[in-house]
Amino acid sequence: MIDWNAHLIIGPIVLPMIIASAMLLLDERRRTLKAALSLSAMAAILIMALVLLHESANGAVGGGDTARVYRLGSWAAPYGIVLVADRLSTMMVALTSVLGGCALIFALARWDRAGPRFHALFLLLIMGVNGALLTGDLFNLFVFFEIMLAASYGLALHGSGEARVRAGVIYIAVNLTASLLFLIGVSLIYGVMGTLNMADVATRVATISVDDLGLFHIGAAVLGTAFLIKCAMWPMGFWLPPTYSAASAPAAAVFAILSKVGVYVVIRLSLLLFGADAGASTGFGLTWLFVGGLATIAFGTFGLVASRDLSRAAGFGVMISSGTVLASLGVGDAATLSGALFYLIGSTLACAALFLLAEILQRGRESDVGEARAVFDDEYRDPFDDEERNEPGLVIPAAVAALGGAFLICTLMVAGLPPLAGFVGKLSMISALVGVGDAAAWTLAAVLSVSSLGALIGLTRLGVGAIWTRDEDAPAFVVGAAELTAVAALLGACVFLAIFAGSALIYTDHTAAWLADPQGYIHAVLGGGGR
Amino acid sequence: MSISFLLVVILVLPFLGAIVASGLPRDARTSAAILSWVVALVSLGCLAALWPMFQDGETLRYEIPWLPSLGVNLVLRLDGLSWLFSALILGIGALVVLYARYYMSPKDPVPRFFSFLLAFMGAMQGVVLSGNLIQLVVFWELTSLFSFLLIGYWHQNPAAREGSRMALTVTAMGGIALLVGMILIGRIVGSYDLDVVLASREAIQTSPLYLPALILLLLGAMTKSAQFPFHFWLPRAMAAPTPVSAYLHSATMVKAGIFLLIRFWPVLAGSESWYLIVGGMGLATLLLGAWCAIFQHDLKGLLAYSTISHLGLIVLLLGLGSPLACIAAIFHTVNHATFKASLFMAAGIIDREAGTRDMRKLSGLFRFMPFTATLAMVAAAAMAGVPLLNGFLSKEMFLAEAVASAHTHGLNMLLPALATLASAFSVLYSLRFIHATFFGPPPTELDRIPHEPPAWMRRPVEVLVALCLVVGIFPAVTVGPFLKSAAVSVLGFDLPYYSLALWHGFNVPLVLSLIALAGGVGLYVVFGKRINANPRGGPWGWKRLNGGWLFERTMTGLFKGSEAMVRLLGATRQQPQLRAIVLVALLAGGLAAIGAGLVIRPIMPTLTLSNWAFAGLWLVGASCAVAAAWQAKYHRLAAVVLMGGAGLASCLSFVWLSAPDLAVTQLLVEVVTTVLLLLGLRWLPKRLETIRLPQAMEKRSRRRRRIDLIIAAAVGASLAAISYAVMTRPSIEGISRFFVEHAYKDAGGRNIVNVILVDFRAFDTFGEITVLGIVGLTIFALLRRFRPADDTLSNPSQQSVQDASDRDHETRSEGDTLKETMLIPRVVMRWIFPFIILLAVHLFLRGHDLPGGGFAAGVALSIAFILQYMASGARWVEERLAIRPIFWIGAGLVIAALSGIGSWLFGYPFLTSWFQYADLPILGRVPLASAVLFDLGVVVLVVGATVLTLVALAHQSLRKPKQRDNEEGELS
Amino acid sequence: MMELVLALAIGVLSASGVWLLLRPRTFQVIMGLSLLSYAVNIFIFAMGRLRSGAPPVLAGDVSDPARYTDPTPQALVLTAIVIGFALTALFLVVILAARGITGSDHVDGKEPDA
Amino acid sequence: MTAAVLPWGLGLAQLMLTCAMGLAAWRIIHGPRAQDRVLGMDTLYLNGMLLVVVFGIRTNSQLYFEAALVIGMLGFAATVALAKFLMRGEVIE
Amino acid sequence: MPYPILSLGLFVASILLSASVAPPSLALAVLLALLAPIIMLALGVGRVRVKWPMAIVRLAIDVVGDIVRSNWAVSHIILGRRRHERTSGFIHIPLDLSDRYGLAVLAIIITSTPGTLWVEYESATGRLLLHVLDLVDEETWVRLIKDRYERRLMEIFE
Amino acid sequence: MTQADVPAWAAIIVVALAVIGSALSLLGAVGLVRLKTFYERVHAPTLGATLGMALVLLASIVWFTTVERRFMPREILIGLFLTVTTPVTLILLARAALFRDRTDRVEDTPRKG
């Protein structure tokens, strides 16, 4: 009776929401049921994402790229809100579901019991991310950003403890400020354009009156600032490493995608609104994206090299990866962007894996465990106490080797060394940059290479410190099967991506081409349908 | 199956072996060795099977697509040169495996060692078999990686960790440079395919990118081949197990750089810059390595520096740029691999048997292990370039080239002399190696009596030494064909004339060779004692110019510098972060405004009384806001009240400016926020104005405040200007027209704002309530772990005073004051409860047509609950009403979601609304809209989330006494 | 007139808000965020231009857009109010938790070094 | 007549109410006691509510009734909370 | 109907809120009048018994008159006409009324009348502390409160 | 009925009520500022909260009754609720002030019991 395929695109948003809210109706102690529910939800989302991905990879029936559009409430765009699944958003949704799934599996080992309502918050975070990726409406984007952020506040503070709360205050303050900037930007754009639909705004950009142009640009600039805060661009991203490294590992892992949502939006809007058809606005802000991206890479690299613990390094890794994509976007070349998109996937997966690994490797050395536990002394029980399975898992014989291998793969990915996906990304970016061949491109290529080296040096130091510098009689690493599965899955995805890099690159090439010509998107969104 | 499939076999087999070996149990030393041995031999067999093809200089290719869009595919390409290198890798690999089986201790996880070794072998194979530049880089970096793992194999040893990190850092740096260089070459040529590149000498050499590409490529090659000034990692890498040194640091990895130079020799060599850089580095390395080798006390250290020196020799040959020199280079590469591997193995045997590698402790070992000693002597002689051994032949070729090129270039005048000097050094250290170890009195400082090693451990050395001899005596028969095939694949078919023979007649090179031999012996006789006595094991006058030391300083500087940069460019505290954000936003807006111009066209104000009233209203609002900003530090309550004032002003503006819905909602939220802030104020410390900061801090903070004030004023001015600009602009024909026109017709509501919220843009509302729910959950989670600060643990002073005064009166009992005070408020607040419910129901039901709606109704309802809490306390309320806010949150979300999904049943997208006028008996015509159901979800959720937030906070006071009891209990 | 007043109001509210936002005490920051959200709410609202006495509630069957003020910004403000309220509550609880755990109400969780 | 009286009269009323709000705000800002501030806020709310009612008359619109009612009925919740806080140091016990 | 007065009040309020006497509004009003008091039952609020409905009306009229009068008086005070001779202060009034609803109504009356303020009531002694803006004669105030309001409230509620 | 159709007498009544009510409110606010002690100041706003409010609400009732040509006494609700709720705040405030004064041992504070 219901044409499920027609509603497929909203699945990644509504499904986690329904499951999460249904979980709220359940008693907190029914953990197995909740775990099963959220796992199956994530699996379902993954499947939906893959179906969408498959569809967009193969293009429309008649050939050529198009986007799947879903008109909420049957109202036609630009009046109602639309969801748009095009190459870019589908790719990001698929990435989110892979990442989310792995983080969730990791959490099942013990983190989901470190505080109430973990699963609900987690699924709502996924909902927020997917919504932000899929929506085609500026204000709706704000709403989903807020869902994503609200859930991320919850997850960042999940498990409480001094470091988390301390970092959380700054994280929330910064993001609330960003949200206000977001609102100012969106409303200013509405004030000049009279519309909120991205595609509709795009159609009006070229014909905007001279009087309004300045206001529109201010709006776009402020809006961009808000997104760039989320991307953790220098000098607005100092909150990221402390927050992510303080957060519980699965939360940090899934947070790796949050900054990428910011990056996604910047890519989306800058190419949609300021593309070749934008008249006087063409190329607006690209220079600043480039400069900011470079600064972010540089700062992230310094930070990574200077890091003394792994999760912090992973946080800086996230910054580097954001900066790389932003700077590549700033170059304004489709081939570079294609490489950057590929790199984005790989680096996100790698940073997430690094967060997970960091937690395993730092386990037992955590100095703030005592402090964190002190917080729990009240009438509620210690979250880890009431479980029969207190420890995260079993001592797996080859744990050190497995972890070492995993760490090695992460390092290769983050540093962009061969043979994994990180390398392919950097390779395609650099070769595209060499093709562009202007001073900016050379600079970026150089910075990318140096940053690779920096990442390698920093991570090697940390890895040698964490894995090799252990006493012979030190207790073996304790790893839960779920944790190992999660890490293996993430790294497996990296390997998979490397093996099928050819197809993936073709996908990103087409994506970059699709983004470079926003007419396809605009036609898909505004072309007919709805009340 | 095509024969080129064998290429895949010899590439993949080592990796497969590595995977299998890594899965073997920890103590499976022998099986891992056998596995590795079989892998190496089978690969070697395959290679041998392919040999017939290459006698004629053919090329074999096998292509697997990988990244077609980048022109990067897996191309396996075998020609004479790569065949030779591949044979070297596999052959010496097989010998090393055999040797390692006996060398490695059973206590080590040996299978892992073999796994790494095989993986390294595979990576090396990948380098030499690459037919694609990028693929070459991939395997190149893999060799760095596996060498890192192999060097750091004994990671309990700090030297091993440091050495491996250094090797990885240096070689990976080279690898990254190489990658960029390859990309440049690919850019010049238009393809990454090796065959295409090799055919494009002209294009490459004339390209403006030639020099950068060359430098980057050389960076890769020179770091790998430990050329000065990147040589320092190699001696540090001696912390590796000896089989690793024998394999990586003599025969294979360091030769990867050489291989690269030879591979690209046809297209890159011949230019001035090539000559200067490659030749210069080679020469410097040759001399420096030899010089340093002389002074080493560690056997492996000596071998490492001698390796550096010999690699320098090969590089120098390649740098000379003449085809003959190139052939000599290839030849010496092979020779060096054989004698150096055997020497390393011998050193390992000595280490294993004597327990030390320090030449000062070793002495007269010949009597304990004559066989090994003989082997070592032959190998050392080959290294020294003694006739009848292979080293002699290639050294002769080198000297000949040095002499021959002395006329070609001005700078080459010294070359013969320097070459001879280096050869003399080489003789000197070879002699020292042998003499100090095997001759002289029996050793005194050993903790064990040395023996001959197990026979099978010696076998590999024997094979290699035999090779040295055979090649040395019958070069043309043994190595000739292979060398020729390799040379052909580099130089093409018109090879220059060269003769592989022991005796070329009495000529200049021979004289130089003899001078070098005699000089070396002579030097040892004169200086040997002093060298052995030199305590530091480094050359004289050699302290600061030590690459390793510099490298470590650089690394420390890098870490320290990065920390400094992070401190300088970053911020950990909140204030600078927010300041940066605000400034960036200002700057971004400002730049945009400058770029496109901000046009403001003021309109004349109309001065009516009502407008003055509006202005007055905002005079109040603005002064409240400013006062709140001013009071928020010390008078928090005042700030809360003042905020309320500013809030009220904005509510009234909404009334004024035709937004009744906004006014109602903002008012309700205002009330709840006030209660919320007050609940929070309970847990914040009292701040007193009297606390003064130190003078210096005061000054700094005053300056900061001044800056902040300027920033704040700038933000205010910009926002005011922008908003004024927009407000005075004519309205834009936008989407709103549609909403006005269709709200009633198609969505059945008169209140357009509400229709937008529950229908046109219901998805926003859907998201918004989700935010509310999430926040509720988060607050709940946080407060479960809430621990109040010590100074807020006790009851507020008011309560303690009042309770105390109650206790002091005999007629009163504790809590009477509270009861009496709240007597009247309780009555009012309880009886108003049903009326607020009434109001909420009205707001909800008529929201579609009149101001109100689900959110307003929900907040009103929750205020009703909160009033009860305030009046009677949390316990009283919760004993009577089952408050399950989380359940409500869940229920609200489920209702909202299901009402959205409902439209799927009718084949419409999510949240498609439906409305109808129903004629009911008695009641008449009643509008029914499905959006009401959605709004119901909103109400339920809002009540749940708001009540949860407030109540969870309120509950903290209830928990507090319990905690204090516990603490008192612990104290007593 | 109203435009000018409202623009100035936005200016003053946001300036006060930003000033507080940049202060070191958590309570000041939360106050600043609240003031800023007032400013932003009014800003959003102002983007629909100002109309007095033309509330967007349809009277009769007339739906002549010229008779009503722009309803869209109002809907946006409503959403923004709700979200702003929720996040203020959340931030408040977080600063309370931070105050409890760190013992300080400084935004960095510790008093500045002298 | 109506057209002349209404704007002036009601404008005057509005202006007076605004002045009253201003005075109340003065009291809030100046204190000196916390109770004074709360009292000022109560007055502010009251006058605000009256302002809404007068505005309703002026624009001949009943749509603002809810706003006035909400202030009248629920505005006291805020001041009660403040007063309770002053009285007991805690809003909800 | 556990709380008839409340239900009546709710019914009227609902009608007023709807500003309509159309059948749907009436139905809603009845529904709410019947359902909303349930929450009072849940809260366990005691029922109110009122004896003299007419007394209520008379009291209300008097109160309105008092309010108007004291408005006038207080206006004078504020405008500063009688600043010098005026003293304000606290007075204690012993109350016999003990019904909480009666007390509540009394508190509302006293507080709503400008010039008098209900400050403190001690349930044990029944003593009420009042603040009066224009305290000329303490005894007059005590009489006024006791005779004019308290007695009539006791008639109604007790 | 639109604004202009309202008869002049009604308009005058409405305006008078509104102006007097507002004036009373203003007077209350003046008292809030002018009176010397807190206990005195509490009395002042009651002017606006009782008669002032009532007059303004009456103005509204008269106005809408005239405009709609039917009795529109909705504002009574506001009046009732305001009357009932104002004392709650004032009692609590006065009581809090009293306690504060007792703790601080301010002169002229009535003793307890």
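Things worth noting here:
A, B, C, D, E and F are the chain letters, set down in written order, and residue numbers restart from 1 in every chain.
By our rule, a residue touches a chain if its C-beta (ideal position, glycine included) is under 8 Å from a C-beta of that chain, and two chains touch if they have at least 3 such contacts.
Worth saying up front: this structure is predicted, and the values here are computed from it rather than measured.
Shared contact partners of chain C and chain F, listed by label: B, D. Touching chain D and chain E together: B, F. Greatest Cα centroid separation from chain A: this falls to E.
On a Cα centroid basis, the chain most remote from chain F in this structure is B.
Separating the centre of chain D from that of chain F, both taken as means of CA atoms, is a distance of 9 Å. Taking each chain's centre as the mean of its C-alpha atoms, chain A lies 28 Å from chain C. Inter-chain centre distance (chain C to chain D, centres taken as mean C-alpha positions): 20 Å.
Chain A and chain D have Cα centroids lying 47 Å from one another.
In chain B, 572, 574, 578, 582, 608, 656, 660, 681, 719, 726, 729, 731, 734-736, 739, 742, 761, 764, 768, 771, 775, 778, 782, 785-787, 798, 802, 811, 821, 824-825, 828-829, 832, 835, 839, 850-851 are the positions where the chain touches two or more neighbouring chains simultaneously. Along chain C, residues 21, 26, 29, 43, 46-48, 52-53, 55, 57, 72, 79, 83, 86-87, 90, 94-95, 97, 101, 107-108 each make contact with two or more other chains.
Looking at chain E, residues 13, 17, 19, 107-108, 118, 120, 122, 125 sit in touch with two or more other chains. By the touch rule above, chain D contacts chain B in their complex via residues 7-8, 10-12, 14-15, 17-19, 21-22, 25, 28-29, 31, 34, 37-38, 40-41, 44-45, 48, 51-52, 55, 58, 63-64, 66-67, 69-71, 73-75, 77-78, 80-82, 84-93.
Of all residues in chain A, only 139, 143, 146, 150, 153, 157, 160-162, 165-166, 168-170, 172-173, 176-177, 179-180, 183-184, 186-188, 190-191, 196, 375 touch chain C in the complex they form. Across the complex, chain D is touched by residues 608-610, 612-613, 616-617, 619-620, 623-624, 627, 631, 635, 637-638, 640-642, 644-645, 648, 651-652, 655-656, 660, 663-664, 667-668, 670-671, 674-675, 678-679, 681-682, 795-799, 802, 818, 821, 825, 829, 832, 835-836, 839, 843, 850-852, 856, 860, 863, 866-867, 869-870, 873-874, 950-951, 954, 957 of chain B.
Contacts from chain B toward chain F in the complex involve residues 798, 801-802, 805, 809, 811, 821, 824-825, 828-829, 832, 835. The touching residues of chain F, counted against chain B in their complex, run 81, 84-85, 87-88, 91-92, 95-96, 99, 102-103, 112-113.
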